[in-house]
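One chain, chain A, appears in both complexes that follow, with chain B as partner in the first and chain C in the second.
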Partner chain A sequence: MELLLQTLLNGLLMAGVYALVATGLALSLGVVGIVNFAHGEFLMLGAFLSYLLFAFRGLDPLFALGLAFLAAFLVGALTYWGLIRPVLKAPELNQMLLTFGLSILLQNLALLLFGADTRVVAPPYQAATLALGPFFLGAVPLGAFLLSLALLLSLQLFLTRSRLGLAVRAVAQNRLAPGLLGIEAEGVYLLAFGLAAALAGVAGVMLSVMLYASPSVGFLFTLKSFAIVALAGLGNLKGVVPAALVLALAEALVSTYLPGGGGLVEAVFFLVLFLALVGRAWRGA
Partner chain B sequence: MRKALGLLVFALGLALAQTPLKVGVILPLSGASAVAGKAALNGIQLAADEVNAQGRVRLELVVVDDGTDPAKAVPAFTKLMTVDRVDLVIGGLASGVTFALSGPVKQYGPLFLCIGAASSVVEQAFEGYPLFFHYHPWDYHNVAAALQFFQSLAKDHGAKKVAILYEDGPFGSAGIGVYKQQLERLGYQVQAEPYKAGSGQFTPILTRFRAFAPDILYWIGYDVDALPIATQTRQVGLRPKLIYGAPPSWPIGFEKNPLSNDVAGMTAWLPTVPNAESRRFVDAYRKKYGELTEEYMAPMGYTIVKSLALALERAGSADKNRIAEALAGLRMNTPFGPLAFKPSDTGRTKYQGFGPEIWFQFQYLEGSRRPVFPKDKAARPLRYPGEYYLR
Partner chain C sequence: MRGILGLLLLFALLPFLPLGAWGAFLLDVGLFILLFTALALSWDLVARTGQLSLAHGAFFGLGAYGAGLMVPHLGTLPALLLGSLLAGAGALLLGSVTLRLHGLYFAIASLAFSEVLRTMALKLPFTGGPIGLPVPPPFGGGWPLASYYLAFAVLLLAVALSLWAERSSFRLAQAATRQSEAVARVLGVRVVRVKLLSLLLGSLVAGLAGGVYAMKALFLNPYEAFSLGRAVEALVIPIFGGLYSTLGPLLGGVVLVGLEQALRLWIQEGYLVVYGALLILAILFLPRGLLGLLGGRRG
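Let's look at the complex of A and B:
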């Protein structure tokens, strides 16, 4: 029983980071209607920013959080303005190829600038642990989980309580009608794409402390985010947190209880993605 | 007659010194083994510069990136063979990639100087290929060296239980069953679990290891796993007496992270190795690159080029078979110690360079790697149990 509860706690904490990354992806998909394969590279940007500030300025990654949010927002907004906007009306395949190309470009840019080396930061609290009776909670994963929760709640409040947020939701529901009401769709798209990148940037800072910074750090999380977004329903923001929870718990349970389960972790999200798509096809039929 | 022969040799030597010999270099400059690959390339370039400066032979390097990926490596190798038309290739660092290259190598038939690829799967793949020179020890040599250390841990420190985390690719999983049996033969209780390299998720497996209460946590994987394992071991409340890792390279900045303290591992070389060739290499490396490396692939690359240049000089010809012949009879000192080729222990390949004798164990202590085992190479005593406590 103790092992089961600890496993569930491990899964729960991981779900926070997954949700944060996947929410950005869902936002760009739901509002802008773009499948952004370069989402993981915004995450990488946050991870490298955290590393560089730590390595060259001695700044704690906590300070990098706000900066990564702003920097990734800016890069996301510029990406939207320069690359996404011109292909908004192009066929979906063209859009996907564009973001895929952007992903390769950004990864290779990072390879040129920093090399393929794995880089780590060393804040003093990195391995801090809270022991609650027989249970252990890593302070950083717990902090990342709480921060993810706070950011997702803020996003929810923004989307449901502010005029701008309502405009974002309106554009997500119908691309033409909000224009008739005077809502500037392009501004909303830019905001949504920037926010999506900013959330990934913040997740990148967290991952630089929990894992490492490298040009390929975002790839795996993008893949997992696609599984989460598919499970939640394409573009459905409310479904992202439960879907992230399902994926993270499934991974933790498989890893703990299946013999050799650690090697099957990657298979879990493919299975989740497969089941989600098949389930949807059945329901739609 | 003698004079004429002397003149001929001189003329041949002069021709060799003036016509650069193209050498293909295929290394992982990106992907999982990039740290080791770039270190190897630095060593290779340093040695090539020295050789060219001496002027007896001239080498021209044609470098391609295998991306630590068989799908990228095979086209890159084919380009070396068909576009650059090289007859000599230095490369083969990651086992999985080198295994994939075995077919194309046999097809094009170059002299292949293999820098890494410890997996005995690679040894089987190159069985019978006459121009295969493997410098790096094979995995059974690595296991023999590590087992010697584990024997000492059991005998001198009373270690009884080992939990092994191994990545599920060819690097981590080849021979894991045999390894487990050998540890059990030493009297250890062993629990082994696979994981995906780079996934960063060890908490579930480490949580399960808690019930096993291992004395030693042993991971066989890549640099990307080093920090997550050091962190998550503490976060799940696992208390091993030693964290022992066997990645091909360690992450940049890991030694400055306090979590690296007391983590142990195995290497074939460190800049502090008290060996004249090693000291010479360290000085030359620092002079060229303005910094020092702790990656043993740097002196390995350096050694390969130095041995090639010597063989080329002795062969007096750019013919790959003549160079191979000269290489086979070579005896030279290297930063790792003496180098001479002999058949591999299994007899599958004809030219094996180094064996288990080059390996030693180190521990991260106060921000740097210090040799701790065997005793004749140790600079400091092993800190056992290590301090992997709550912070």
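Let's look at the complex of A and C:
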């Protein structure tokens, strides 16, 4: 019983980061209408930024969080402006191919620059745990969970309370009407794409401590995020958090209870994705 | 048409051209051009219905492992056939669930499909796992040119399929499906069936190419056989050469695979940077590929 609760607790903590990354993906899909295969690469950027700052400047990853947010926002905005904007009206196939090409380019650029090794950022508090009755919570996963929650809440507030946030939602609902009301769709797209990248960048810093930084770490999270987004319904922001919870709990249960489960965790996201698709096909969506 | 025949003739005669010391190296390069061009044509066949397949690396790997496991028991040709059928079965499984949905679900699921197959090749007890699987050469190794001409046969099949799809009424069904599924339905095109048939044909060719690759490489490991890089090659070649045509992927294959084999002499890992960059540049600036540059007619 205690093992089960501990497993569920670990899954819950992981769900925060998953939701953060997948929300970014859902934002670029729902608002800009772009399937961004390079979403995880913004995460990789944050992870390597955190690693480089830690290894060469001795800077605590806590400082890297803010820097990664800004850097990923900038890279995301530039990506939108230089690459996405020209293909906004192109066929969907071309859009997907473009972001896929960007993903391949960035992954292999990182491979050329840093090699395939995994690098962990190890600040002094990396292994600290808090005891909660009979259960143990890692300080870093707990911090990452709380920060993810705070970021998601502020995004929610931004989208529902601020004028700019309302503009973002208006553009997501209708491509044409907001223009008639004086909302610049281009600016909104830029903001949404930058924000999506920034969320992934922050998640990358967290993962550089919890997991590792490597050229392929982003791609892994692209796949998991797609599974979450497909489960939530494409571009549906509200469904992302419960879907992330389902995936994270399923992964935690598999890795605890299945023999040799460590290697099978990767198949869980596929199973979730596959079941979500089958369900959708049966309902005839 | 003359371009296609010329290129095919060149490949048929390549082993007999007086190339001197470079002969053996060029023959190897030629073989890889044949295989990956066939893979590219099989990807293009699926792309003509507007579907982005990222699973062609997986079909290739299924064919490679299927053939590699069966060769010692069944002989060369039946093993190739079985590998190809295995890839086809994978395609039917993937396609029957995803092809009814909006196109981007297929792209995402095909990507996940290939990731999971690699994990399975690593974990299953009979694949040799991460250590790999040794494969005997075709026909017991008796004829040195066998793998080259098997590869040539695979390309011939791919070209024939592509030409058939280009010249029959199937082309209209594919084009209608690509441009607007709703309109295609109204016109009486059975959209799901067209997409599934295209995917099945594409996967069969990709599986054959994988099988011949296994017999040429003599050794398979999951990272090579199921690499995402294979899917990247399969899609960059037609886009660079010219989408929805037969000559385009042929041209693209000769240029890109030749370039890749040359680049590999200098760079071991990360040569895919070139493919990523080419993909972005081609989408932004050369949407009709090399064919468009040469002023070719669009199919």
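Convention: the second predicted complex is superposed on the first by the 282 of 285 C-alpha atoms of A that agree within 3 Å, B and C clash if a C-alpha of one lies under 4 Å from a C-alpha of the other, contacts with A are read in each partner's own complex, and residues count from 1 in each chain.
Just so it is clear, contacts are C-beta pairs under 8 Å (C-beta built on N, C-alpha and C of every residue); 3 or more make two chains touch, one makes a residue touch a chain.
What you see is a predicted model, and the numbers here were worked out from it, not measured in a lab.
Colleague: Once chain A from each complex is brought into register, does chain C clash with chain B or fit beside it?
Modeller: Superposition result for chain B and chain C: clash.
Colleague: In the superposed arrangement, which partner chain does A:T7 touch: chain B (first), chain C (second), both, or neither?
Modeller: first
Colleague: Under the stated touch criterion, which partner chain does A:L111 make contact with: chain B (first), chain C (second), both, or neither?
Modeller: So A:L111 meets both chain B and chain C here.
Colleague: In the overlay, answer first, second, both or neither for which of chain B and chain C A:M210 touches.
Modeller: Touch partner of A:M210: chain B, not chain C.
Colleague: Quick check for you: in the superposed arrangement, does A:A55 touch first (chain B), second (chain C), both or neither?
Modeller: A:A55 sits against chain B, while chain C stays out of touch.
Colleague: After superposition on the shared chain, which partner residues are touched by A:F136: those of chain B (first), chain C (second), both, or neither?
Modeller: A:F136: touches chain B, not chain C.
Colleague: Taking the superposition as given, does A:G30 touch the first partner, chain B, the second, chain C, both, or neither?
Modeller: It touches nothing on chain B or chain C.
Colleague: In the overlaid three-chain picture, which partner chain does A:A122 touch, first (chain B) or second (chain C), both, or neither?
Modeller: So A:A122 only meets chain B here.
Colleague: Given the touch rule stated above, what does A:E92 touch, chain B (first), chain C (second), both, or neither?
Modeller: A:E92 contacts chain C only, not chain B.
Colleague: Between chain B (first) and chain C (second), which does A:E266 come into contact with in this model arrangement: first, second, both, or neither?
Modeller: both
Colleague: Chain C clashes with which stretch of chain B: 62-70, 332-340, 350-358 or 368-376?
Modeller: The superposed arrangement places chain B into chain C at 62-70.
Colleague: Which chain A residues are contacted by chain C in one complex and by chain B in the other?
Modeller: Comparing the two interfaces on chain A, one with chain B and one with chain C, the shared residues are 111, 116, 260, 263, 266.
Colleague: Touching chain A in the complex: which residues of chain C?
Modeller: Of all residues in chain C, those touching chain A are 47, 50-52, 54, 97-98, 100-105, 107-109, 111-113, 115-116, 119-120, 122-123, 232, 235-236, 239, 267, 269-273, 275-280, 283-284, 287.
Colleague: Spell out the residues on chain A that touch chain C in their complex, using ranges where they run on.
Modeller: Contacts found on chain A: 35, 37, 83, 86-87, 90-94, 96-98, 100-109, 111-112, 116, 223, 226-227, 230, 234, 260, 263-264, 266-267, 269-270, 273-274, 277-278, 280-281, 284-285.
Colleague: So in the complex, the part of chain A that touches chain B is made up of which residues?
Modeller: My answer: residues 3, 6-7, 10, 14, 55, 111, 115-122, 124-129, 131, 136-138, 140-141, 207, 210-212, 214, 216, 220, 251-252, 255-256, 260-263, 265-266.
Colleague: Enumerate the contact residues on chain B facing chain A in the complex.
Modeller: So the residues of chain B touching chain A come out as 29-31, 34-35, 38, 165, 168, 193-196, 198-205, 207-208, 211, 223-224, 226-228, 230-232, 234-237, 251-254, 256-259, 390-391.
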